[in-house]
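One structure, as structure tokens, below. Some questions next.
Naming follows writing order (A, B, C and D), and every chain is counted from residue 1.
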Amino acid sequence: MTRVCLVGLGRTGIEVAKAIMEQKDLRLVSAISSPNSRKIGKDLGEILGCPATGVIVQGPDQIEPIVFQSRPDVVVDFTNPAATVRNSKLFSKMKVNIVVGTTGFSKIAMYKLYVLTKKYHNAILYAPNITLGVNVMMLLTNLAANMLNNYDFQITEIHHKHKKDAPSGTAVKIAKEIEKGLAASGLPETADVPIQAIRAGGVVGKHEVLIVGENDRIEISHESFSRKAFALGAIKGIRFIQGKSGYFEMNDVLNLQKVLGDYL
Amino acid sequence: MTRVCLVGLGRTGIEVAKAIMEQKDLRLVSAISSPNSRKIGKDLGEILGCPATGVIVQGPDQIEPIVFQSRPDVVVDFTNPAATVRNSKLFSKMKVNIVVGTTGFSKIAMYKLYVLTKKYHNAILYAPNITLGVNVMMLLTNLAANMLNNYDFQITEIHHKHKKDAPSGTAVKIAKEIEKGLAASGLPETADVPIQAIRAGGVVGKHEVLIVGENDRIEISHESFSRKAFALGAIKGIRFIQGKSGYFEMNDVLNLQKVLGDYL
Amino acid sequence: MTRVCLVGLGRTGIEVAKAIMEQKDLRLVSAISSPNSRKIGKDLGEILGCPATGVIVQGPDQIEPIVFQSRPDVVVDFTNPAATVRNSKLFSKMKVNIVVGTTGFSKIAMYKLYVLTKKYHNAILYAPNITLGVNVMMLLTNLAANMLNNYDFQITEIHHKHKKDAPSGTAVKIAKEIEKGLAASGLPETADVPIQAIRAGGVVGKHEVLIVGENDRIEISHESFSRKAFALGAIKGIRFIQGKSGYFEMNDVLNLQKVLGDYL
Amino acid sequence: MTRVCLVGLGRTGIEVAKAIMEQKDLRLVSAISSPNSRKIGKDLGEILGCPATGVIVQGPDQIEPIVFQSRPDVVVDFTNPAATVRNSKLFSKMKVNIVVGTTGFSKIAMYKLYVLTKKYHNAILYAPNITLGVNVMMLLTNLAANMLNNYDFQITEIHHKHKKDAPSGTAVKIAKEIEKGLAASGLPETADVPIQAIRAGGVVGKHEVLIVGENDRIEISHESFSRKAFALGAIKGIRFIQGKSGYFEMNDVLNLQKVLGDYL
């Protein structure tokens, strides 16, 4: 049984909480909300719309006693970069492993996570694109770009109309993967891959890559049709990080080294 | 300048002839049709609907004198397995390299090609799925299957209504790649991947793979919108095989070893 | 304020209940479950995972007293054809209007609903395909078939792997619309439109129509990405039927007569 | 047998010529190229890459003698708006019916065509979007907009990278149809429908309309996979206009009045 502490109870955090509670090998032992949140002091069940769980939501100023009392093996973090770095320091000191699903990290902030694992020998999985499928898609587009470097590439992403940032962080990451693949193929220099962002209706999240040649084309798309896709990525991350030590990203969870080796 | 002999002047063969004549580094030096074809004795230009080329179409009983006279570096073969094996023996003896785009080979027939390269030290590229894009797609679906082995897989292929065989050989090959990927992931045993074949209108050729999980899905599709896609694959094959020795498949043309190594 | 009674608390019924409670112009005044259901006697809020609503779920043997006490303007029915016909008799006698979202009706059962509206002068909306978008799609495919009667038609439907019936009732209805369109165009007799049913992962419901000619193709697809799509169709139906008298189908809700007239 | 004169021998004009020659009920009796074209004086067969046809390409300064000698029933015009208007005057005076596939007309230029038919009682079909499928798509999107006026609309068009104008005229026309549909539904005022134009590889032409609601979406796409799609629209137009009098557009060819009436 892996004991899990959840930090961040926004829309995705709530989905993660529900998903953790459905797993037989995981137990949600504590939950931390943002400072001044109205959720503090309530039973987690009340927030999720289910029976009482015995887990009372706490504020982020209580991290040390929470860890002492609830003894989590893994912390899952869906907050914001500043909060993640601040909290991760405390969790790392206390040898707790961490799954970071928070998005919007700078390179420096990422590096800070890396340094924590070196110093405290715990494990951190940095996974802002926590959905498994999206990471598979990124690998596929990188490889396709390397093999079809004279094709035209185009990314389209569609999200619900309440999403504020455009293009999505994931689309930007996909563009980078394509550019890496093109560079690896020996292409001297390349223009940026164009990204189109569509905001419409209630679409959870879709990313589409067009790879078009003179006479044929490949299309690769990924669509999450439920927010639970994020939660299941987090679950996979928790199981992966449990008992490990070091700094990891989703490529490690996907075990790409083995997968590509299998093919050869 | 690479000198090319084309064997087989069916629908794809004609496209290949046109494409070869557009390349500056390739010269079409001879063309061989099926026995008793009405094309024998005509100038190739007449068959392609373009000005005279000086290349007179000959029958397959003339292979040795044709090679002596036209001195091809590479033969491109779009005929049928029996003819390919028969002709390849003669070409191999005469140290000509061969690109085989013919489909429908048995394992034994493939093995015969392999043996020829061992015996005569020429090079044969066996590439029944000659379109580059389709081969990229096969790799991608294999890898996706390895990483997402608990997802459901489904193949749909759409071709023009005059195509007789269903499902297409390419769809069957994609299914095998998915099954290989699932097996490599450690999945004990798997049901066959379902394939749906649609015959409608004038669709040149489309293959689509659905990879569906509980909360998200990936779609990978390849569509040739011109028969020239086959021809360009053949061109790439000619350039690849020129000067080589040994038995090859499209994975070698795609240089997968390097591409996957680049990623790691 | 329109007062609504909900009959049937299955997966779709629960979505409908939630959606009704979010509308300012609708009030859910009573809820009826199947006989012997464990839900009977509980507060509806408990079933929906939300605070108490004051509406206690009752059994179907209580219809008359429920109507007397809760005085609904409209009943929404998501049960089964036998129950719908039985209950609709009682509701019609009491001059309550009815939205029927139940699927699987025979022609005779549909006719019985029609007769009730003639006898009791209430209104019934028969809408087994309650999602608005699906009904729009049906119209579009009918018209396309009438205009492109020499094209090939093909339907593909994808649903989650727990769906038992295949092809879906909606796909069958779409096929009929296409066949009607082809017939209206003057085509003498037509083979059935092929339907492919895919059961994979957690797909809520997608229907796709391919219309393929020699040189071009049209694709029309509809996908529900949330079960709430059914609920919103029901809401639209409630608002439509309120205050009316007579027998209606979704084409009336869509106001097709006006829409097509607008175009001409 | 309908006698046809073709004006304009650009990429689409050549496709139209080929398609006309394949029809049993049509005879191509004369062909007119742009002034100073190198094609003038050559046999049409030479230009099409097929055996001699006996039709010698002439210049546009010869219209009257050409009509006297070749006696066409219908002229097909794929030139430019200025040439079309100039030539149409002459053809109309001589009572020849005209199919105009030329794009880029101003409202005034269109009106001039209308006036010609009033004055000379011949018939003109103005059909800049000559492909049948595209016109069907336009109708469908108009109707969908009228019925789903609270959904978000988005157009994407993809063409080969040599296409200079963006967005395509067809995409702009589709946007107008959507806006008409929304207006007809009673929507007070609407923002422009966003259009994304993608230029990639050798795509002949694809238009896609996304119609996205909170919980479901409809996608309607049209793709020409061969330039022959334009030619077949022209053929349909020739057969339609033959023997008629008056000004027409593609909606008349599609017989929308009847098609929509069939549905009601």
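Please note the rule applied: a contact is a pair of C-beta atoms (placed from the backbone, for glycine too) under 8 Å apart; a residue touches a chain by one contact, two chains touch by 3 or more.
Because the structure is a prediction, the values reported are computed rather than measured.
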Turn needed to bring chain B onto chain C - CA fit, degrees, nearest 5: 180
Chain located farthest away, centre of chain B as origin (C-alpha): C
Of B-D and A-D, pair with higher C-beta contact tally: A-D
CA centroid of chain A to CA centroid of chain D, Å: 50
Averaged-CA centre spacing for the pair chain D and chain B, given as whole angstrom: 38
Chain B: positions in contact with at least two other chains: 202-203, 213-215, 217, 225-226
Contact footprint of chain A on chain C as seen in their complex: 49-50, 202-204, 225-226
In the complex, chain D residues that touch chain A: 151-154, 156, 158, 161, 194, 196, 198-203, 210, 212-215, 217
Touch list for chain C against partner chain D, complex: 131-134, 136-137, 139-140, 142-144, 146-148, 181, 184-185, 211, 213-229, 232, 254-257, 259-260, 262-264
